[in-house]
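Order as written gives the chain letters A, B, C, D and E; numbering starts at 1 within each chain.
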Amino acid sequence: ACAGQSSEPEDKKEVQNKKEKVRVANWSQLISEQTNLLVDEEKKFFTNEGLSVEVIPGAGGGDAIKNILTGKADIAFTDPGSLFSALNKGEKLKVIYNIYPQNVFNVVSLKESNITKPEDLKGKKIGVYSLASGTRQNLLVLLHQAGLTEKDVTIVETGLLNFAPLMQGQVDATAATDTGLYLGKQKGLGEVNVMEVKDSLNFPSDFFVVTEETYEKKQDLLKSFLAGYEKSASWMIEHPEEAADLAVKHAIDGKDKENNLEIIKLRNASSVSELTDEKGLGFFDMNNIQEAADLYKKLGLIEKELNMSEIITEELVPKKQ
Amino acid sequence: MKNAKLISFLLFIMLLVGWEAIAKTMSELVLPAPSVIFMTLYEGMLDGYFLPHIIRTLSEVLLGLILGSLFGFIVGILMGEITFLRKLLFPYVIASQAVPKLALAPLFILWFGFGMTSKVVITALICFFPLLENTVTAIQFTDRQKIELFRVLDATRFQTLIRLEIPAGLPSIMAGFRVAVVMSVVGAVVGEFIGGSEGLGAMIIASQGMMDTPLMFAILTLLTVIGMGLYQLVLLIEKKLLKRYTKEKLL
Amino acid sequence: MGFLVIDDVSYSYKDAENILRNIDLTIEQKEIHCLVGRSGCGKTTLLKLASGLLAPARGNIYMKESKVLKPSSEVGFVFQAPTLLEWKSVLDNILLPISLKRKITEADRTRAVHLLEMMGLESYGDYYPTELSGGQQSRIAIARALIKKPSMLFLDEPFAALDAITREELQDDLVKLCQMEDISVLFITHDLAEAIYLGDRVSVMERGEIVYRLDVPLQRPRIGELRYDPVFNELCLKVKSVMSGESS
Amino acid sequence: MKNAKLISFLLFIMLLVGWEAIAKTMSELVLPAPSVIFMTLYEGMLDGYFLPHIIRTLSEVLLGLILGSLFGFIVGILMGEITFLRKLLFPYVIASQAVPKLALAPLFILWFGFGMTSKVVITALICFFPLLENTVTAIQFTDRQKIELFRVLDATRFQTLIRLEIPAGLPSIMAGFRVAVVMSVVGAVVGEFIGGSEGLGAMIIASQGMMDTPLMFAILTLLTVIGMGLYQLVLLIEKKLLKRYTKEKLL
Amino acid sequence: MGFLVIDDVSYSYKDAENILRNIDLTIEQKEIHCLVGRSGCGKTTLLKLASGLLAPARGNIYMKESKVLKPSSEVGFVFQAPTLLEWKSVLDNILLPISLKRKITEADRTRAVHLLEMMGLESYGDYYPTELSGGQQSRIAIARALIKKPSMLFLDEPFAALDAITREELQDDLVKLCQMEDISVLFITHDLAEAIYLGDRVSVMERGEIVYRLDVPLQRPRIGELRYDPVFNELCLKVKSVMSGESS
């Protein structure tokens, strides 16, 4: 399991001396679902690539992109919504890795309200984290598939504790993510109906994004990083228990090991797809993402026509060994 | 003084020019240029895009300010007059203030709904404290001689309060009110951050979602203007009220 | 029993030292009682006790046979410092005692203006206290004490900031007023001539005790020339010698 | 007074019992019971889970408070003394206050980095205002007679400030400081909202992400305790400083 | 040219009325100049102008040949009200003028204690102003004015709150001190006897003008008995008659 890991002190020192710094701007705090990014101390995924990775916390995918634009970070861990918005504003960005090819968003309602398909949402009050969040954009995607628009429903912001108003009956449904739903269930959310966005349009949840400048100037560095990341992701897929253990120490929300394990399992599931089984982690389904971008324009979330093939590059993604 | 206005204006222009220069070197997403912000603002005002949001936020600010200040003033009086109440209530007052409203926002929504009420309550809660503290202090530090005068005049406690302690403490109370006025703007906006689809706070969030930083700065400019307007209004009221208090101009 | 009875009263601000010791003092109705004594001997303290502003540590104070527990609204008080409210006009300052009890009537205003006239300040009604001279301020404080037609006056050096002439005019006015409106007065002054000229009786305090009492053997009405009367001067000298400790 | 303490304590217990009863009827997600919150708090303290976060937030609070209050105090003095400066700076002061700090987060990070600095700056910015306003007011309303005294003594402007205006205005300035102290806690926490991985603010966000409301309430309780502790400290200092100011106890 | 020269000075608080009109006054070195006049006639205003606290609307004021533009630190001033700092002890209040100029030395402390003794308040050094009686407060204000060994004193009714005996003692002390330390004095008082007893010259003000000047024809040292001297009384009566407008 620990192949490639060096245990000799001198060796370690030598590697450390050569380490190059990579700063990853995260969309969130350092949370358990990203344990693979945080365990370099123990697992040396990045050290072995000659890197020292610093993960910079943020409050949303927009922050992550702003942080690479200002040079505060090299790589952004961000969602397609934020990416599209930034591209829409004319920013020069490159997408270099498909972190979660699976869409993790969903819309949850209580069993008794009998909302089983997107059409049932018409005229209902639906909660989202915030108007700026992926929950809203993904909700719109789901509605669109049912021929509904934002005007056919009432969208309200509920904050991160979005299941509370659902349980109190203040909203009919709430847009969430798979991990959020899991936690909600843990906290006593009863019988629910879940509609997954991936059943409407299964576009990815998060990418690694860099600026064009970084892409051009630091190709080797990025390659090394992605290689390290790929190893770490594989490790987490193979050893969820070990990751859950380490998350207790490294993740700010990693207090409970059982929860960590379940969340890591969910993320592991969203990290793989038929395509990645075939080509390896991190590869893209170009058409699918182009479709998502087109839909975002159609939904009025962005104004510009985006050509994703110019933006996305698979050059740096480690090839499957 | 005319000279002063000129200097003030020049400084403002210089700041804008400096900003414009810095902004040119940066992504609009991070720091938009004043010219861009101004255009966004101008267009938004022209086509009436901002108006409903301004009205909404302003209503919340005013309602919250009035309720919060009044409540802070009254509780300040009670806590200033009655030591027992001061000791009894103080932990709850601190709790209500030291806890970030943003964290409690989901609870406020639960209790007060998604409508204006929860925002007004948050605003009121934020305005409440500066008025409370300044009122307590003003009441506690009234000139003893004048207190003796009122005792000799057989004034009731209430009269002493209304006719002496409050007028004598007015400068200090107004200082608290000035703080409250400016904070009320923040209060309403923070309230709108969560659970709002109208108002300037909701627009800030929406602009962040769209990564439309010029729009966000346009809204922040609006907020500054609103804050400044309210502050000037208070200064005006104060000037009338406190005419008799200022120290005379000396040589 | 007198109008105001101070019965064996002691008082101290800090626990250590007794500022007042076993004070006995009776003021009859309509009596003007003058209190003199060296600075810091406890006159103001006694006045505050008598008016109910301070509570005696020992002993009792009675006014009209009932114990004084807090300031009565029948009483007028002039503090050693004028103590006016800066945010009210002169007229409103004078009317303050009434406005605390009931709505101001036209009659009240007339009385206030009348008192202002008596104080020689008829044109100052709309001024604010900070625009007045020291002596003008203290006269406003006197007018304020008189506005409610009190049955008892406590005056703490009310004329100290006034020139000789204004002072003499006001002394005469005060006596007239007290006789007309049946007012008893406890009057602190440093001016011995004033004490003798005004007082029915004069008490001399020394270090917290009353060391000498004088029933002033002069007829009323006392007129201005009295001040130059040898008997008058002798009385002044007598009191003065008591104060300088020559006879104690 | 002992009685008062008892009543205060009983009220507290009653509130807790009432809360417990209401919470029992609700999901923990919506409103956790005090007993649950207390257990979370107790365990977190015992196993040292909270400690680094407390230390971090407390450092930010103290640093921000000291810097912000000092700055507010000094600018307050300058603006109180120099009318020109008051007019010149006031729009910028209002702008810095009426704008929600949360919205400016990316800029703060750009200028001050991800570390403690940006949080300290936000805290300082929030503390700054109440001190400023109260200082300006205190300085403007000094007793004229005493100002004349100092002029007669040929005191410099600086001496008049240090020896007269500040001591005379101390009660009012301390009222501003009390407000600042409590707000500094909010400031640090809001600063940590915008991308921190340490500190109680970051924990609040994390707890919300985990939907761990008991944890969130435990942290809010900690914040309240911190706020109360700091406030009490200020009261203690104040008691010493202002011994000579309070109105005397009357009958 | 005199030590202090007030040359054709006019002043008004509000634009409408002239509070002071064309005042001319010269005070020689070591002269004690007493200023009397009815309450509100403008004495305090004149004192504030002379000391540089107010700027004349017209005319000039010179001290030691140079124009007075702001209060000089060579001057001691006693306001009509004591104006002490409540948060400082009595001793610190007295030392305030020095502490504004330099570090307090042991010698300063000694002088402060000496002045306290002169004021009869030796045991009150550690008290705070609010714990003092009115007369005690005004004596602290006097001590504060003397601490810096001023070459000129402006005194606004400094003894008004004092009893006759303390007052006479302090009068004698003041004269001695002024002769010893070469101090010129402008002294406002309402006590005509005091004016004549202390003053080398006496000026009488009336409605903003100086209407009468008197060179007091009495020898120094003047001793206590002088007060009962017929010449002395005559002078008092003369001034009083001027004040009541009988001779104007």
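The criterion applied here is as follows: a contact is a pair of C-beta atoms (placed from the backbone, for glycine too) under 8 Å apart; a residue touches a chain by one contact, two chains touch by 3 or more.
Note that the coordinates shown come from a computational prediction; the quantities given were computed from them, not determined experimentally.
Q: Show which chains lie in contact with subunit A and also with subunit B.
A: Common neighbours, subunit A/subunit B: D.
Q: Which chains does subunit B share as contact partners with subunit E?
A: C, D
Q: Please indicate which chain is farthest from subunit C, where distance is taken between mean Cα coordinates of the chains.
A: Result for max centroid distance from subunit C is chain A.
Q: As a test of whether you follow the contact definition, which chain pair has the most C-beta contact pairs?
A: That would be the chain pair B-D.
Q: By mean C-alpha coordinates, which chain is most distant from subunit E?
A: It is A whose centre lies farthest from that of subunit E.
Q: Could you give the separation in Å between the centres of subunit A and subunit E, each centre being the mean of its C-alpha atoms?
A: So the centroids are 85 Å from each other.
Q: For subunit A versus subunit D, what separation do you get between their C-alpha means, in angstrom?
A: 37
Q: Just how far, in Å, is the C-alpha centre of subunit D from the one of subunit C?
A: Subunit C and subunit D have C-alpha centres separated by 50 Å.
Q: Which integer distance in Å separates the CA centroid of subunit B from that of subunit D?
A: From the centre of subunit B to the centre of subunit D is 16 Å.
Q: Got the subunit C residues that touch at least 2 other chains?
A: Correct list: 53, 70, 81, 130.
Q: Among the residues of subunit A, which ones contact at least 2 other chains?
A: Each of 66, 70, 159-161, 164, 168 in subunit A touches at least two other chains.
Q: Find every residue in subunit B that makes contact with two or more other chains and list them.
A: Where subunit B meets two or more other chains at a single residue, that happens at 30, 106, 110, 144, 148, 151, 193, 208, 245, 248, 250-251.
Q: How about subunit A: which of its residues touch subunit D in the complex?
A: So the residues of subunit A in touch with subunit D come to 28-31, 56-59, 63, 66-67, 70, 72, 159-161, 163-164, 167-168, 180, 183-184, 186-189, 252-253, 255, 259.
Q: Show which residues of subunit A lie in contact with subunit B when the two form their complex.
A: Counting only subunit A, the residues touching subunit B are 60, 62, 65-66, 69-70, 81-82, 85-86, 88-91, 130-133, 136-137, 155-161, 164-165, 168, 170, 301.
Q: If we count contacts the way the header does, which residues on subunit E are in touch with subunit C in the complex?
A: Residues 13, 36-40, 43-44, 80-81, 121, 131-136, 139, 156-157, 160-167, 190-192, 240, 243-244.
Q: Considering the complex alone, what residue numbers of subunit D touch subunit B?
A: Touching subunit B: residues 4-5, 7-8, 11-12, 30-31, 84, 87-88, 90-91, 94-95, 97-100, 102-104, 106-107, 110, 129-130, 133-134, 136-138, 140-144, 147-148, 151, 171-172, 174-176, 178-179, 182-183, 185-186, 189-190, 193, 201, 204, 208, 216, 220, 223-224, 226-228, 231, 242, 245-248, 250-251 of subunit D.
Q: Looking at the complex, which residues from subunit C come into contact with subunit B?
A: Subunit C residues touching subunit B: 48, 51, 53, 70-73, 75, 77, 79, 81, 83, 85-87, 96-97, 99-100, 128, 130.
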